[in-house]
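Paired with chain B in one complex and with chain C in the other, chain A is shared by the two complexes that follow.
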Partner chain A sequence: MDFSLLLQRVIDGISQGSVYALIALGLVIIYRGTGHLNFAQGEMALFATYCVYQFGEWGIPVWIALFMGMGVGFVVGAVSEVTLIRPISKKSPFAVFIVTLGLFTFLNWLDGAIWGNQQLPNSGVGSKQQSFPDLFPADPEDQFNFLGASIRYERIGILLLVLVITGLLFLLFNKTKFGLAMRAVASNTESAKLAGIRTNLVLMVSWGLAAAIGAVGGVVMGGLNNSVGLGLMFSIFIYGSAAATLGGFDSPGGAVVGGLAIGLIENLSSGYAQKWIGQELKLAVALAIIVAVLLVKPSGLFGTEKVERV
Partner chain B sequence: MSMLRVVGLSAGYGPVSVLQGIDLEVGEGEFVVMLGANGAGKTTTMRAISGLISRQGLVEVAGDDITKWSPDHIVRAGVAQVPQGRGTFPELSVEDNMLAGAYVRHGGHDVRDDMHKWFEVFPRLGERRHQRAGSLSGGEQQMLAIARALMSRPKLLLCDEPSLGLAPLITQELFGVLERLNRDEGLSVLLVEQNANLAMHIASRVYLLETGNIVASGTSAELSADDSIRKAYLGF
Partner chain C sequence: MKSLFTIREGGAANWTLRVITMVAIVGLMLYIPTKWEAGTLNTAIEGLTYMSAAMALNLVLGYTGQISIGHSAFLGIGAYTTGIMVSRWGFSPWVTFPVAFGIAFVIGVLISFPAARIKGVYLALVTLALGLVFPQLATWKKLAWITGGGSGLPIACPATGVSRSCEGTEVPTTGFNIGPKSKGQMQTFEIFGWNPFGDLRRPDNKAAFYYWIALVVAIIVYLACRGVVKSRVGRSLIAIRDNETAAAVMGVNLVRTKAFVFGLSAGLCALPGCVTAIKTGGVSPEGIINMTVRGAITFLIVMVIGGAGSLAGPVIGGALYVFVVDKTGTWADDDKIPGVLRPFFAWSEIPPGDGIFAVLLILLMFVAPRGIAGLWKQYIHRIVRVIPRPAGAIGATPAMATATATPTSNHEGEPQ
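Here is the complex of A and B:
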């Protein structure tokens, strides 16, 4: 067995999985607060990703553009929660499901209406940038050799970025007063109100935070793809939901582990069983493995089972 | 000045109206009990006072009209409620439950000091401080719900049927704690109960609630002296 090839695929898989982890984190944050699955998670991220492309067109450095994009994502998420999700969830929880689907199609249409339906940047045809802004050095020579595998700086950078975001989220949830409020709302909304927690504010910030984290995922994906297009987030969203399910829908740590695991499964299965699985079936393989895990552990790898003493 | 003054309070759920305009009052440092059968509107009264459901009429706390206030604002005004059933955060540790109860307060040291004080009052909570609240027994969870409410340093404590589903001995212990808090700390208490006997002993005044209306009120002695009331509501 070729060890360096294995190492290469593991690293590629993990960094690919990092993007799924970011989308899964967003899904988990919203699910914990409200019990809703936000179908628009990927499209909120895509809108912010297009904005980062646009900021790049205006000559804004990529890291500043990233933070601005996260700000845009936060606003899109928070405004959606306040104007759409909150009033409707009071009437019917099932309607929220439809509303997030509606938001999905609306945002995708909006992206198309503003930026058109071709891949961007389309240099020479209106784009000043050669490729989508990269967060990390991504030229062909930006790599180093490690045990025979050539490892790209970009891949390592993405993994570190995701770990830093996860660490910050952990601190937010467990070490801050607002994080305590978020956990309290997730656990028992009515008691949270009776403790004086402004649950509406917590939910608004949760949606904003979810979309901002998704925005990072979108920008990373754009960098890996060298472009942004209307379909960029479709499969990422499916992988991200699968990651959240695998890790446990109420566990942020689980979302990250789930995302990395799916990235690994995807890369290893399509790499080693190219003949049978290849590019087309790798998603099905990842999903089949998740179903197998859920049959053994129904709440996901790190999800809390709702067991309560009576 | 009374701690809580409720005048013509009506509330309900959507088209169903439960409270038909009730009046009640809790004086400063008073221990008031509201008795009523299942479905009389006891929980609705509590939820209406705390602002969890929309309400008409007048609700005053220490002279402030809080009728239009939001639940978090009402907590800040000094009203804490121990809701019926589980008033805890099952996935959070006992300590985090207590800290969440102090959410409206500022200043970490005071909060920690208070937490230790309540752990002395409820030693079993102190022993289980790092355990998840959901893993506690029913009685311990009820104690945690009360301790959680006290962490906001309320002037008025609303208790919604704390005895529900608990063994008589545990209920007695809980009521003992509430009585001491009222006597020693001057905490005003409005307690809602179905089970009259124990509650009557500690109450300075009692209201009887029936299908959304207050049908009788007075001191425990006055109500127990009235034969018809005693037979119909108190069962002794």
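Here is the complex of A and C:
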């Protein structure tokens, strides 16, 4: 077995997986707060990603654009929660599902309506950018050799970025008063309300935070693909959900571990089983993982078991 | 609330309404093809496809409460079955309908076993993944020997590399082999010597032919759904939807019922896929968007907007969807938008159909979770109330099932 190739694939897999971890983190934050699976998570991220592209087009430096994009994502998530999810969640889980699906369709259409249904940036006239704004140096020569594997700075940067975000979230959850409130809402909304926690504010911020984190994932993905298109987040959402399922839907740490694991499995399986899985059937691997986890251990690796009452 | 008229089910007034409704529906079905114009008919065929698929989805989602965003895969199975059987093995397209139903039925039953253990939104997640995986599976290179891989069916001509453009040689399509008689291709479709469609090489006639196929398929799907919903099985489906544990306690065999309904739904959903394959004459995920996950979402939107858990719902939803999408299809070009609406839609780069339906979907969830059909049932009572036959009368179906789904209340002017 070629060791440097293995190392290469492991590193690529981990950095790819860190994007899934970001989407999974968003899903988990929302699930912990409200118990809903947000089908629009990927599309909220996509909208923010398009915005970042647009800011780049206006000449705003990419890191500032990223923060502005996160801001846009936060607003989209928070507004969706306040205006749509909160009132509808009184009705039924099915209604919430349909509304998130409606949001999914609407945001995807909105992206198309504003930016067209072509891949951006296209090399047409008037486009200032040749490629999607990169957060990290991503020219072909931006790499170094380590034990025979050529490692791109971009990949390392993405991994570090995700670790920083995870660390900040960990601090937010465990060391701040707001994090305490979030955990209280997650464990029992009614009791939290009685204890004087402003649960509505917590839920609103949770949705905003989830969408903002998703936005980072979208921008990273756009950088890796060098373009942004309407279908960008479909499969990323499935990988992210697979990560959240694997790690447990109520465990942020599980989401990160799950995301990295899914990225590894995806890259290794498509790399070493090129004839069978290759690039085409990568998604089937994610599907298989979701089904297997849901059948064998529905709570995931790190989630809490759910007890059903009649 | 008091209604203007009160009539008894099975009485003269009730039958009059039923007959008027039937006449109106049949009249509309007959009126559409008399326009003999390919564009309109193709839109109608598309509408019938959405109706059939949404009706099939309704069995699983509306009646049994099992969320599926993967029904596009079943439609795709139907399309590929027809495509493979016709273009590779030379079967008549008619034969492929029952075969596609059978294959999709078996696959649906197989899927139901894991689905029976996966609940709610998790099932939605799994089926969404299934819907996304299907096009990849269909174009997978290991399956290219049968599915034609990325370029789809019929397989490209070895000489030119382009589908269906080999000069001189006979190239199969995935539908009816319509063309000049000298090559032994069909020109007319005769039913016992009666030739209702004329020369099928004319696009208008061909479209009318396909319209009737699509219509018959939609009617078969409707009747199958109606038969199931009004039977004992249908009531156990609703019981599962309302409370699964209670249904099991009451003696509903969850595994067997879900297996049956998943299988039937999948099989019925494959039928419009066969129609699509026949109509387009080629099968590939790029060519038939309804077999990608976008199709599955559209079926769901059509079903929910029309009315989940009602027989008429998907029909209403499908008609509305196709009407709006067809009318707004050219609106990416600002000059095509009617004057009054221009300021609202001119900024959009793509047709606003999907956006309109997404907003409508969200709004309906707030005001009428049971869709347009539910809204209709809610307000029609102010005008006409049909008193159901008392339960237990000879030959009567149980009151609840009849009251919820009679086509009776469907025709008596506009509400207010």
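By our rule, the second predicted complex is superposed on the first by the 292 of 310 C-alpha atoms of A that agree within 3 Å, B and C clash if a C-alpha of one lies under 4 Å from a C-alpha of the other, contacts with A are read in each partner's own complex, and residues count from 1 in each chain.
Everything that follows uses one rule, which is that a contact is a pair of C-beta atoms (placed from the backbone, for glycine too) under 8 Å apart; a residue touches a chain by one contact, two chains touch by 3 or more.
Here the structure is a predicted model, which is why all the values come from computation and not from measurement.
*Asks:* A:T105 in the overlay: touching chain B, chain C, both, or neither? Say first, second, both or neither.
*Replies:* After superposing on A, A:T105 lies in contact with chain C but is clear of chain B.
*Asks:* On chain A, which partner touches more residues: chain B or chain C?
*Replies:* Partner with more touched residues of chain A: C.
*Asks:* In the overlay, answer first, second, both or neither for which of chain B and chain C A:I197 touches.
*Replies:* first
*Asks:* Look at A:A186 in the shared chain and tell me whether it touches chain B only, chain C only, both, or neither; answer first, second, both or neither.
*Replies:* first
*Asks:* Per the contact definition in the header, classify A:L295: touching chain B only (first), chain C only (second), both, or neither.
*Replies:* It touches chain C, and chain B stays clear.
*Asks:* Applying the touch criterion given at the start, work out whether A:F170 contacts chain B, chain C, both or neither, answering first, second, both or neither.
*Replies:* So A:F170 meets neither chain B nor chain C here.
*Asks:* Tell me which partner A:T304 touches in the superposition: chain B (first), chain C (second), both or neither.
*Replies:* So A:T304 only meets chain B here.
*Asks:* After superposition on the shared chain, which partner residues are touched by A:F67: those of chain B (first), chain C (second), both, or neither?
*Replies:* After superposing on A, A:F67 lies clear of both chain B and chain C.
*Asks:* Check chain A for residues that touch chain B in one structure and chain C in the other, and list them.
*Replies:* On chain A, the overlap between the chain B and chain C contacts is residues 310.
*Asks:* Given the complex with chain B, which residues does chain A contribute to the contact?
*Replies:* Residues 177, 180-181, 183-184, 186-188, 190-198, 304, 307-310 of chain A touch chain B in their complex.
*Asks:* For the complex, which residues does chain C have touching chain A?
*Replies:* Chain C residues touching chain A: 65, 67, 69, 114, 117-118, 120-122, 124-126, 128-130, 132-133, 136-137, 139-142, 245-246, 293, 297, 300-301, 304, 347-350, 352, 354-355, 357-359, 361-362, 365-366, 369.
*Asks:* Flag every residue of chain A that touches chain C in the complex, lowest number first.
*Replies:* 36-37, 39, 84, 87-88, 91-95, 97-99, 101-106, 108-110, 112-117, 234-235, 238, 241-242, 245, 275-276, 278, 280-281, 283-284, 286-287, 290-291, 294-295, 298, 310
*Asks:* Would you pull the chain B residues touching chain A in the complex into a rising list?
*Replies:* By the definition above, chain B touches chain A via 50, 52, 70-72, 75-76, 80-81, 83, 86-92, 96, 99-101, 103-104, 134-138, 145, 148-149, 152.
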